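Below, chain A partners chain B and then partners chain C, in two separate complexes.
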Partner chain A sequence: MSAPTLAPRTTPSGYLLPSIHSAPPFFTQQPNPNTQAVVTEHWTKLILSYARHRRLFMLRVEDAEVAGNDWDEILRNEQIHRRLLPSHLEHIITDMVEKNRAVYEPARQTRSVLLYWRTPEEWAEVLHGWADATGQLNTILTFYEIIEPPVPSQLSGIPMTLLRKAISVLAKTSRAQIISVADGEGVRLLPGNSSR
Partner chain B sequence: MRRLGGVGLAAFERQQQSQRSFAELSSELSKAQVEHLHAQMDHFRSALVRFATTHRDKIRKDPAFRHAFQRMCASIGVDPLAGPRKGGWWAEVLNLGDWQYELGVQIVDVCVSTRERNGGLIEMGELVRLVTRLRAVEQGSITEEDVIRSIKTLKPLGAGYEVIDVGGGKKMVRSVVKELDEDQAVVLAIAQDEGGRVSEELLVVRRGWAVERARAALENMLLRDGLCWLDEQDESGSPAYWVPSAMHWDE
Partner chain C sequence: MSALKRYTKPVDGTIPVPALLYQDEDLLASQDGVGIYDGSQKSPQHQSGSVHVSTLRLFYIDTSHPRSRSFALDLSHVCRTDYWAGLLRSSAKVTLYLNTLPSRSVTAGLANAPDSRQDAGDGFGVWVCEVCGNRNPPGLSPSASVVCGLCGVPRSAVPTVAASSTPTAQPKPRLAGETSHLSSSLPSSSHHLPLPAEPDPPSEIACPACTFLNHPSLSTCEICGTTLPRPAHPTARSAPPSRPTSDDEDDAADAADGPRMIKISFRKGGDKAFYAVVRRSLLDKAWEGPKPRRAPAPSSQEGTRAATPNTLARSGINGILQDVQTAAAATQTTMEDALQDLETLKVQAREMVRYAGELNERLTALSAAPHAAPGGAPVEPEEATFIRASLAQLGLQLPNAPVTLDMLTDERRWHEELARELAGVLQGAPRAAPAAGMMRRRGIVALDEVWGGWNRARGVALIPPATFLLVLPYLPQCTAPPVHARTFASGLAVLHTPPYTRAAFSARLGGLLTLVGPRTTVEVAYEEALPVGLVQEMLLEVEAVGEICRDEGEGKVDVFGGRGHEVHWCMNIFLSYVWDGQD
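What follows is the complex of A and B.
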């Protein structure tokens, strides 16, 4: 049972798991705070990079409770029979929120987060770049047109909360105006110095 | 009591006189000997320099030859690292001083960059492997012995780099100032054999330790020193402890 070699492994979804994912103690919350800081950092990077790979935006403590969700590939390792326990995931999530790598969504609870594998500032640049590249600067876009564009974009499926944050980043530098439209809200993206 | 040379003032003076003569003769002799030795040393030194310069490339490139050369130096009492200049004799004759320092810097690099994972304790083979990879040279061009020598050059830095023998021919390099007691050395040796995993049970069965002793050693390593990680989901049903520096990482 001993002496396993810890090697990177590709999951069915095509994600390359780092070798630490094959280390049995990686799934246990460490009593030594310095060691746990290392473990938390590894988990945070793993969660964010997996989320980016699968375009997942939300992570819930419940995802560690029962199998059969989008996160099984990383929250569990069936080969070594280990899983991340909900209490450990909650600890990691708390740390991610403290370090601005996620925010509680909805607010005023601590069991579900919106992941910042791109920060609102980075999303703002993606949004502006997309509007520019597709010739949609100066026109009024509904939020719906951004979230579900006819031609899939990097912004396809972005949660509304995150889109609003990105738009308000652009609004601060006068590169976006929020406008009321017939069926809700819209935005007009304006040319501007992207480097600020 | 009879004394050598008789008694009385005259005898005393005679004795003094002969002692002076002996002293003169002796210093005369040792002077000649020292001069002779100096000449021999110069001769020897220039021969060694000639040898080293002729074979410089081979010494730098071929670990087996380097090893033989160092053994030769050691057996005749020449420490190639000692010398009048910074970097010692290696630097002067072989330009190996820089090489040695460079290797030292790379060792520090590897130790520091793996510290968060292994708590400042790295297995020698792993260190050699990572340094070799860092240098992007063929396997085998850096030997364990080169690493040990470079670690000696790091000593004046007072950073606490030390080579520890954990038994069974296994060595580990410690890069943090931390006392490693005997029990911990035993735990490390077992971890080495087990691919990193240790448990109270293993220490009790293999070493005949009392459970309390095993627990104390493991808890210290876990909580105080951060040298191992806890696994609460071990198949045995009891906690297992993993020593990252003894685990087989393939990255």
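What follows is the complex of A and C.
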């Protein structure tokens, strides 16, 4: 019942939950702003870490409202009969957007976010590294070819919005060039100073 | 023709009697288990029911057929009563002798369907006074609804109503019936009364002084109050030429109509009390005029018109003004009386104070005398002992006397004295029993309770809250252990001893939560033996500094989706938490 008995545990999907996930107060929005800041920080870390583990890009407030989605393992804890309330999740999401760990997607609403478990800058490096490793520098790639490559990569399934952000980061350092192709848009990745 | 049929009106007995009453009518008494005699014969249809008497009417509600056999009798018809106490198997009876009905009214009343007669007589429906425009409410009795409630002018321009000055000679139902026939011009077949012969000339009367054209029913000018010329009818009794006079009533008709009386037979007792009420109701004659409160105080000029009903004496603007003046005069008198009383009281109070001072001086001198002469016997006169005892009983004993501002000159010293007194109230006097004092057993008390308790202890010269708050800073110096004041975030202020400071409580709470796990507010309150509301405040205070956190349990997963979960308090596990999950 008391704090020392809490311990980390592994979920069916193979994710190692932190011990704090078994503490009932973790699921309550604390009135004390200092305490809540700590709680929010832990939740942010948990959400991003789990998203990276499952390769999840989107988080919606609705995910806390109804069970039966990808986020059940962390938004609910059946063992202590607690779940994260939608209002609490909304508060956490707001905080994440403020700290640039997520961005509202689509824009102009506050109920669903695109998670930055890698920032666009990090994704840009991943993209460039992938193109470099697969020898596709200087060739024109359609977005489709990047999102669904024949050989699965780290970029498989990346949302288009996030991909555009990553490409624009590369374009700023002259390492990518956006080109219009017959069936939409394409990009030519250029070798550049990848250290920066 | 039986007396019952001629004099009574059918009523629907399924309606409760109070709902049948007019607004200005009061129910006085009721009696069940009665039968009715029509004349001297039993009326076979009215043998089991209850009677109710009001200020205006007598109701009979039949038990078996309340809808068809119940009736109401206007008390204005009753001219005499008789009482028979009963003998052997014959039950007590009250006999009501009825006065003669004008023959024309009888035929008219019978020719009319009873319902139309009732509609007209009841005068239900709002009507607007022609003179002052006042909207008169429905539901008043016939006698009250023929005059306007505000200005007292009779209801319609027809002078017939003025004849209400002879109430007994002119039975009411017929009068009201005529009024409404003329005013509402019902398309009634029985409307055989000719309209007043001269419609225009009496309609407006020019005032001799100011030439204002007055309403015909006014006796004085509405503008200047001058008596209006009424050569033919000086008392405004301008009966229409067509009105049948009471001379029409012929006693010869009585013989044909049968005995004019109704007997009420009381099978279940209650006769005496009921008879007394009926007598009183008959003596009051509530149907004759408006309620007494409407009648202005009789003035001297009214002596000449003693026969004129009040409704005429106070009609028009004059009447309204008179009413207002009377009310104002009454208020003035009352106020003057009250102020005079107050003045007297003041003078006497001053003397009382002087006497009290003298008495005190004398007593002090006496009690000081034995000390001055230690050898002498303690010769305190008996009177002094008695007076002292009386003073003590009155709560004026000097050792207990509350500290007041006039005892001390310096305000700061006054506050200190008050703090010392408050300390006594809270912790008991040094030599008092340990249980005495509000905070002897409790370590934390709400400020309002302390204030109330202190003022109760003082009894006189109560301390205002502002002064009370000024005294609080001096309190720790006078108390042992020191008592401090504290205000919670919600605004609740308390006095508390050291074990109830935030830090001390927080430490104690920490021990509890670590030992036994999360607790609800109620459980903590039980542990601390304090009121739940107070503990809630203390917990919120500890939470505000981040030493505990809450588990609202609202996220509880249950099949009903319910949120009926109490807040559990836990130690703040987040502050010292180090991430131990997957990165």
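The criterion applied here is as follows: the second predicted complex is superposed on the first by the 192 of 196 C-alpha atoms of A that agree within 3 Å, B and C clash if a C-alpha of one lies under 4 Å from a C-alpha of the other, contacts with A are read in each partner's own complex, and residues count from 1 in each chain.
The rule is short, and it goes like this: a residue touches a chain if its C-beta (ideal position, glycine included) is under 8 Å from a C-beta of that chain, and two chains touch if they have at least 3 such contacts.
Please read these numbers as outputs of a predicted model, since none were measured by experiment.
Partners chain B and chain C clash in the overlay (superposition on chain A).
Of the two partner chains placed by superposition, A:167 touches none, neither chain B nor chain C. Contacts of A:24 after superposition on the shared chain: both chain B and chain C are touched. By the touch criterion defined above, A:81 reaches both chain B and chain C.
In the superposed pair of complexes, A:45 makes contact with chain C only, with no contact to chain B.
In the superposition on chain A, A:15 contacts chain C only, with no contact to chain B. Considering which of chain B and chain C touches more of chain A, the answer is C. Of the two partner chains placed by superposition, only chain C is touched by A:53; chain B is not. Stretch 186-194 is the one among 78-86, 96-104 or 186-194 where chain B clashes with chain C after the superposition on chain A. Overlap of the chain B and chain C interfaces on chain A comprises residues 1-3, 6, 8, 18-19, 23-28, 30-32, 34-35, 38-39, 81-83. Touching chain C in their complex are the following residues of chain A: 1-3, 6, 8, 15-21, 23-32, 34-35, 38-39, 42, 45-46, 49-50, 53, 76, 78, 81-85, 88. Remark: chain B residues 116-117, 119, 194-197, 222-223, 226, 229-235, 240-242, 244, 247-251 touch chain A in the complex.
Taken together, the chain C residues at the contact with chain A in this complex read 513-514, 516-518, 543-544, 546, 549-558, 568, 570-575, 577, 579-583.
The residues of chain A lying in touch with chain B in their complex are 1-8, 18-19, 23-28, 30-32, 34-35, 38-39, 81-83.
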